[in-house]
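Sharing a structure below in structure tokens format, with a few things to ask.
First chain written, first letter: the chains are A, B, C, D, E, F, G and H, and each begins at residue 1.
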Amino acid sequence: GFAKIDSGRLERTGIPEVIYSAGKTKEQVQQIAERMYKTGIDILATRASEEIFQGVTQVVPGAVFNPQAKTIVYHHKTNKLTKDYIAVVAAGTSDLPVAEEAVETANFLGNKVERIYDVGVAGIHRLFSRMDLIRGARVIIVVAGMEGALPSVIGGLVDKPVIAVPTSVGYGANLGGVTALLAMLNSCAAGISVVNIDNGFGAACQAGLINKLK
Amino acid sequence: GFAKIDSGRLERTGIPEVIYSAGKTKEQVQQIAERMYKTGIDILATRASEEIFQGVTQVVPGAVFNPQAKTIVYHHKTNKLTKDYIAVVAAGTSDLPVAEEAVETANFLGNKVERIYDVGVAGIHRLFSRMDLIRGARVIIVVAGMEGALPSVIGGLVDKPVIAVPTSVGYGANLGGVTALLAMLNSCAAGISVVNIDNGFGAACQAGLINKLK
Amino acid sequence: GFAKIDSGRLERTGIPEVIYSAGKTKEQVQQIAERMYKTGIDILATRASEEIFQGVTQVVPGAVFNPQAKTIVYHHKTNKLTKDYIAVVAAGTSDLPVAEEAVETANFLGNKVERIYDVGVAGIHRLFSRMDLIRGARVIIVVAGMEGALPSVIGGLVDKPVIAVPTSVGYGANLGGVTALLAMLNSCAAGISVVNIDNGFGAACQAGLINKLK
Amino acid sequence: GFAKIDSGRLERTGIPEVIYSAGKTKEQVQQIAERMYKTGIDILATRASEEIFQGVTQVVPGAVFNPQAKTIVYHHKTNKLTKDYIAVVAAGTSDLPVAEEAVETANFLGNKVERIYDVGVAGIHRLFSRMDLIRGARVIIVVAGMEGALPSVIGGLVDKPVIAVPTSVGYGANLGGVTALLAMLNSCAAGISVVNIDNGFGAACQAGLINKLK
Amino acid sequence: GFAKIDSGRLERTGIPEVIYSAGKTKEQVQQIAERMYKTGIDILATRASEEIFQGVTQVVPGAVFNPQAKTIVYHHKTNKLTKDYIAVVAAGTSDLPVAEEAVETANFLGNKVERIYDVGVAGIHRLFSRMDLIRGARVIIVVAGMEGALPSVIGGLVDKPVIAVPTSVGYGANLGGVTALLAMLNSCAAGISVVNIDNGFGAACQAGLINKLK
Amino acid sequence: GFAKIDSGRLERTGIPEVIYSAGKTKEQVQQIAERMYKTGIDILATRASEEIFQGVTQVVPGAVFNPQAKTIVYHHKTNKLTKDYIAVVAAGTSDLPVAEEAVETANFLGNKVERIYDVGVAGIHRLFSRMDLIRGARVIIVVAGMEGALPSVIGGLVDKPVIAVPTSVGYGANLGGVTALLAMLNSCAAGISVVNIDNGFGAACQAGLINKLK
Amino acid sequence: GFAKIDSGRLERTGIPEVIYSAGKTKEQVQQIAERMYKTGIDILATRASEEIFQGVTQVVPGAVFNPQAKTIVYHHKTNKLTKDYIAVVAAGTSDLPVAEEAVETANFLGNKVERIYDVGVAGIHRLFSRMDLIRGARVIIVVAGMEGALPSVIGGLVDKPVIAVPTSVGYGANLGGVTALLAMLNSCAAGISVVNIDNGFGAACQAGLINKLK
Amino acid sequence: GFAKIDSGRLERTGIPEVIYSAGKTKEQVQQIAERMYKTGIDILATRASEEIFQGVTQVVPGAVFNPQAKTIVYHHKTNKLTKDYIAVVAAGTSDLPVAEEAVETANFLGNKVERIYDVGVAGIHRLFSRMDLIRGARVIIVVAGMEGALPSVIGGLVDKPVIAVPTSVGYGANLGGVTALLAMLNSCAAGISVVNIDNGFGAACQAGLINKLK
């Protein structure tokens, strides 16, 4: 086959191989998914279109598609979640695809997740009414586009690690998400780190590693 | 002389000629200031060093230096201020030179000013205790460096025009203030506009024009 | 529903929630518009396609589409406009979509508007014959692409606040509007502030706040 | 005083106020340090020169200077460290100032630290001989300049969160650290997040929050 | 015809004219290929679509298409390859189109090639098991996207020239391949040089010149 | 010697070798100037400091220094100027060093020059009172920093070629002159071309070639 | 109508109004062309598609389309050309659309033109065999993409003004033509100026003004 | 000591450890050099100041300083050079420091070198008179700043690998060497690869590996 599954990766890094569907054909994703299905490996595919899901569902009965997250998930056994949870916070409705990618990935890796959505800084009272839920998390993922200000505000209010995810939401001087990325890297609040633009997957991987620390 | 004073500018634009001292020698600023002094024109010099002030004070007795703002000011008659005020809000202590440049300029143009300093988003409770004073202004200047998030938070809480001033405060991915500038241009709060990096002067000019609208 | 309407926003910020249609499906915009219509909230949708308008018009009879501005507007009662007006000045014909977005937004917020179009600096006599109308405004929005020079010229001729809107009009070294944006931020005329590239909406929001100052 | 100490910050965010000495005069740092000393607050000053240390030591007897890290530290009581440790890994000798800033900050926050230095990818055998110590950490800080490749290699070998710190070490197309920053954000290994260029302090803050999770 | 074949180029530079199909129509490529076929010149077309191949195959019977490399090749006589080989190393499966363009070009120029694929730094053990084959090459082409770290690791392990090819694989802060390009230019390993993003062709040209040095 | 004088250059290109003093020591410039003096070649040195001039004047008696332009000039015979003139227009006083470099270079190449200074767009009436002199030129050099708008305004008013010179004057988002450069390249007026930032020398070279066309 | 024809422009600037078709609909271009046709104004439309030409030809019988240049031209009387010619030099076949736009524009403005194509620096002997024709021109337009080196080579060989036109031809690090633009601005040959990326029209406008100087 | 010498590097990579003096103190370089001297390791220090050399010469008698290259060299035995040579070609006099760094490094690694200097494209006849020497080399290093055109011209004339070194020579839009770097990466001549800005050292390392291939 064209791609070898790095089966030792889960043990080595705490994160199994995951199918990144962007730039792959329906047939390619289908074939990889089928192989994983038959070998008894749990499946997560990110950046998957509706069409790709149609291909996968033929060979992996029971696969679940989240159209907003663009993820396909399949577990051979019931997925047992942690008791501690990861908070996934999103600023605006346009940031939800990235937030949902983080949620699906975190769940897939066995983490309980709480969603706190539509709490952007332009109406900051919405955030304050949700702070208890945010503060109760073990680690917090904050997803925001445009000026990327939300992680700073949250970072100043919690004593938990914050992983900031810039999104490409916006236009003009948002430069495809670079503006939010730069803003987050310059946060005046301590305890914040940043992942690539639109990388909900990467944020959830790190959050999962943190959440599972004993 | 090497520079002609555009004396019609005040009438034409509501803002008189001002001396921008950066890149001028002590002698040049001194000479311009002296000419203005003798012609009965009020004087504002920005980006002035201590050394330049020493030169000006010799020819303009009574000139006042604000070392943080790096401004020199002289009025022939007492400067009468408006009853409505401009709020000048600053995020961190490193942003004060820019904020003070705005304050001095606004005062020079005849505007009453209220300072609200050290209310950055990393400790947002500090901002909330000052919101009444901010809301009472006719127009609000918000000065911030690093991730430039403060104008968005304030913009979502007031019904007054907000003029955002990015500062070059920070390092690395702050890119000399470009990050704060981009963030402010992408604010998710409506009613915000932006001036050049470190341009406290320009913000105060526009705020002054707004404050004096009848 | 997928998006909560921030109904307190009008009171808090002077600007109500507005539907930003870019990246939303026809069904999503239709659904939000219908909810607003039924709750008695006035409707403005920006960046709306002809197709989206077809959807909205089914549930909001009487909604009006401006195809150049790409806006949909609906008022429950007659929209009462201010006596003072906002001047919306545009450099070239390609800048008109952005200018019209500003006009529609300003009108929606209750402001009288005067249009001054096709007065770019390459034929500056066209501008001079319109200066009286421009000078008569309470606040001036100037829309320009390419080298973005028009706000500087106007800023040097008026004593009113100027809000500059760079557009993405041009090619090559215009860098999708970044060139006009940078030029406007560096204007040698005082009293100018800037909003994001193509952001006619944002300029009108700030202009509206200024125009309604008592 | 010119700066208010945000005394609630430690409780709120798990990280106390710290003195960022860059852009402050010797007198300013001295004054802040003295106030903290007298109020019984532990002191960490970063980006401090030898000269600034001379000022601080006069008012804070017992303050300790790390000239490579450019930090000044003072504890009122013995600093009790965690049993779990943070690994601080550095690629080259020129990256040590940033690595040491991370070490000093992590120690100041009460974390045990292990240093693993001079293990850059150009001689990757040096890294492999230290992998046991790295794998034993609860969280790993990886400091690298130039092409910023080290976090990817380590990220592929461990199941612990990796915080990557790009440094400004290099010349030409390193663009003052932007190259290493971009590379780290695009790491092909999962479980990595990134902080600002040269921001050893920020990496240690987040690592400290993670290390103290129960 | 619209394009003159620079027939002296092979003798002058060691590399014959090659058809760069991007931006050319099916008819244009077909016509050039036919002319070369009839004049007895060997044919390599890069960046060719399936459709362009259909056009060429009508006039050049026996032309061979590599759909991954997007190359069309035709030799009038059997292509004799060197005994020494060029190693073409690729980090991930998404980098294969660029790697295959290098392979096809190197073969076309008469060089034996060994492929070493899917050995990216996120699972570095995969690389080590192939090092003997890599070390045996006369010159090594290393193709990688995202953070572009692979050339540095290989460069530190071999005493042969390494030509690094950044790919545009990735998203967000990968900036269309600029991140990998910058990283490779800043490699901490000596003996590495770099070609343009996605330029497998160019890397193979230089590698071919090196491999044929006596 | 360390540098060979390309003596055929004048004949070949219409422009003789000129000494670019930046990055050269006093001794190096002195030595080149002396050699030119003794060989009977006229001398122009650009970017020369006062100190370098002191060196040159020892070996080239009669050499003339323009401290604003930072040029040193020496002619063996009286320099005969053209009857047609080049207009050198400058926006602000800070642009004068670049404008003067253009003037000195144009004069050195035998061109008559008219200076039109301090006519920036923020007070555009100043420009109109000088338009006759500008229109009378054979070719026009326009020097401007900040938003670089002046060439567009002039280009729309004349039927002569305009060569635009961006300057590095400004701060923040002027990006060291890149903003003015980009603006000028995007001029909406036709008939304008652009040279490098601060390159008064280059503008004068091209203007000289144009002015001498018969 | 939606666009006013600036009929004084020809007299004022030596260059008449021209239709820039990009971003205009077939109907819009058709309508403007018809109005010009009926008023007796000569027509040049640039960036016109085949489809737009079909629209124009219905209302302007005799209009001529150059599909490579993407220009439509119509003259009411025979177009009389100058005796002196403009040389239009192009590096590669992919640069021809831009070169042809320059040729069509120059012709439209009444200038004789000589084409010198496919003389890029990778096979520099091709250039030398054409130098006499190039040297005979009054002004030279040089069109090149990729590394943009051709204007420097030509600039060092002629005593005529050179106008350099960067093209967007290339991929990866060519950054859409920015690389060629920057290279041309930094030419080590004197007497060169530059226009925007792909701006064959602008180069021809300036060249026309120069060619018609008496 | 603060830095471990990677003594296996020579055998592993064909290139020994070299002292990069930038950012190191006189004492640090002195100490490393002394240790190498005493252990019998040959010494090359790059980016060394006159002052650093004074330090080294005290502990390494016989060390040789090249002030233009800023290199210090010491061989324990006579350095035997190859019979085949590397050509080091430089465009302008300002590029010589980088060219000389390449020469010194290549010599240090045992390669014979031929210098071909001051052959920039602005006077291309100078290049042609040296082409035989260039063509006779086994591998060619081409050093150029500004528009970086020289490698393309040479690459089109030889059948040997060309390694291009951009320099930071220039100003304004040269962007500290980025312009030359980008230009070289986009060369229209095949067989060229590129190293970092000003990296004469790196070019010589790769050229040395190529030159020693059997």
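Simple rule for what comes next: a contact is a pair of C-beta atoms (placed from the backbone, for glycine too) under 8 Å apart; a residue touches a chain by one contact, two chains touch by 3 or more.
Small disclaimer: the values here were computed from a predicted structure and weren't measured.
Common neighbours of chain E and chain H, listed by label, are D, G.
For the pair chain A and chain E, the fraction of shared interface numbers is less than half, so the two copies use mostly different residues to meet. When the contact pairs of A-B are set against those of G-H, E-H or E-G, over half line up by residue number only for G-H.
Summarising the inter-chain layout, the chain whose CA centre lies farthest from the centre of chain G is D. Taking each chain's centre as the mean of its C-alpha atoms, chain B lies 50 Å from chain H. A separation of 42 Å divides the Cα centre of chain D from that of chain E. One inter-chain figure worth recording: chain B and chain D are separated by 35 Å, centre to centre, where each centre is the mean of the chain's CA atoms.
In chain D, the residues touching two or more other chains are 12, 123, 155-157, 172-174, 178, 181, 185-186, 189-190, 196.
Which chains touch which is summed up as A-B, A-C, A-D, A-E, B-C, B-D, B-F, C-F, C-G, D-E, D-H, E-G, E-H, F-G, F-H, G-H. The touching residues of chain A, counted against chain D in their complex, run 11-15, 18, 138-139, 155-163, 181, 185-186, 189-196, 201-203, 205-206, 209-210, 213. Across the complex, chain F meets chain H through its residues 2-4, 6, 8-9, 12, 22-23, 166, 168, 176-178, 181, 196-199. Chain C contributes residues 91-92, 120-124, 146-149, 152-153, 155-157, 170, 172-175, 178-180, 182-190 to its touches with chain F in the complex.
The residues of chain A lying in touch with chain C in their complex are 93-94, 96, 118, 123, 126, 169, 171-174.
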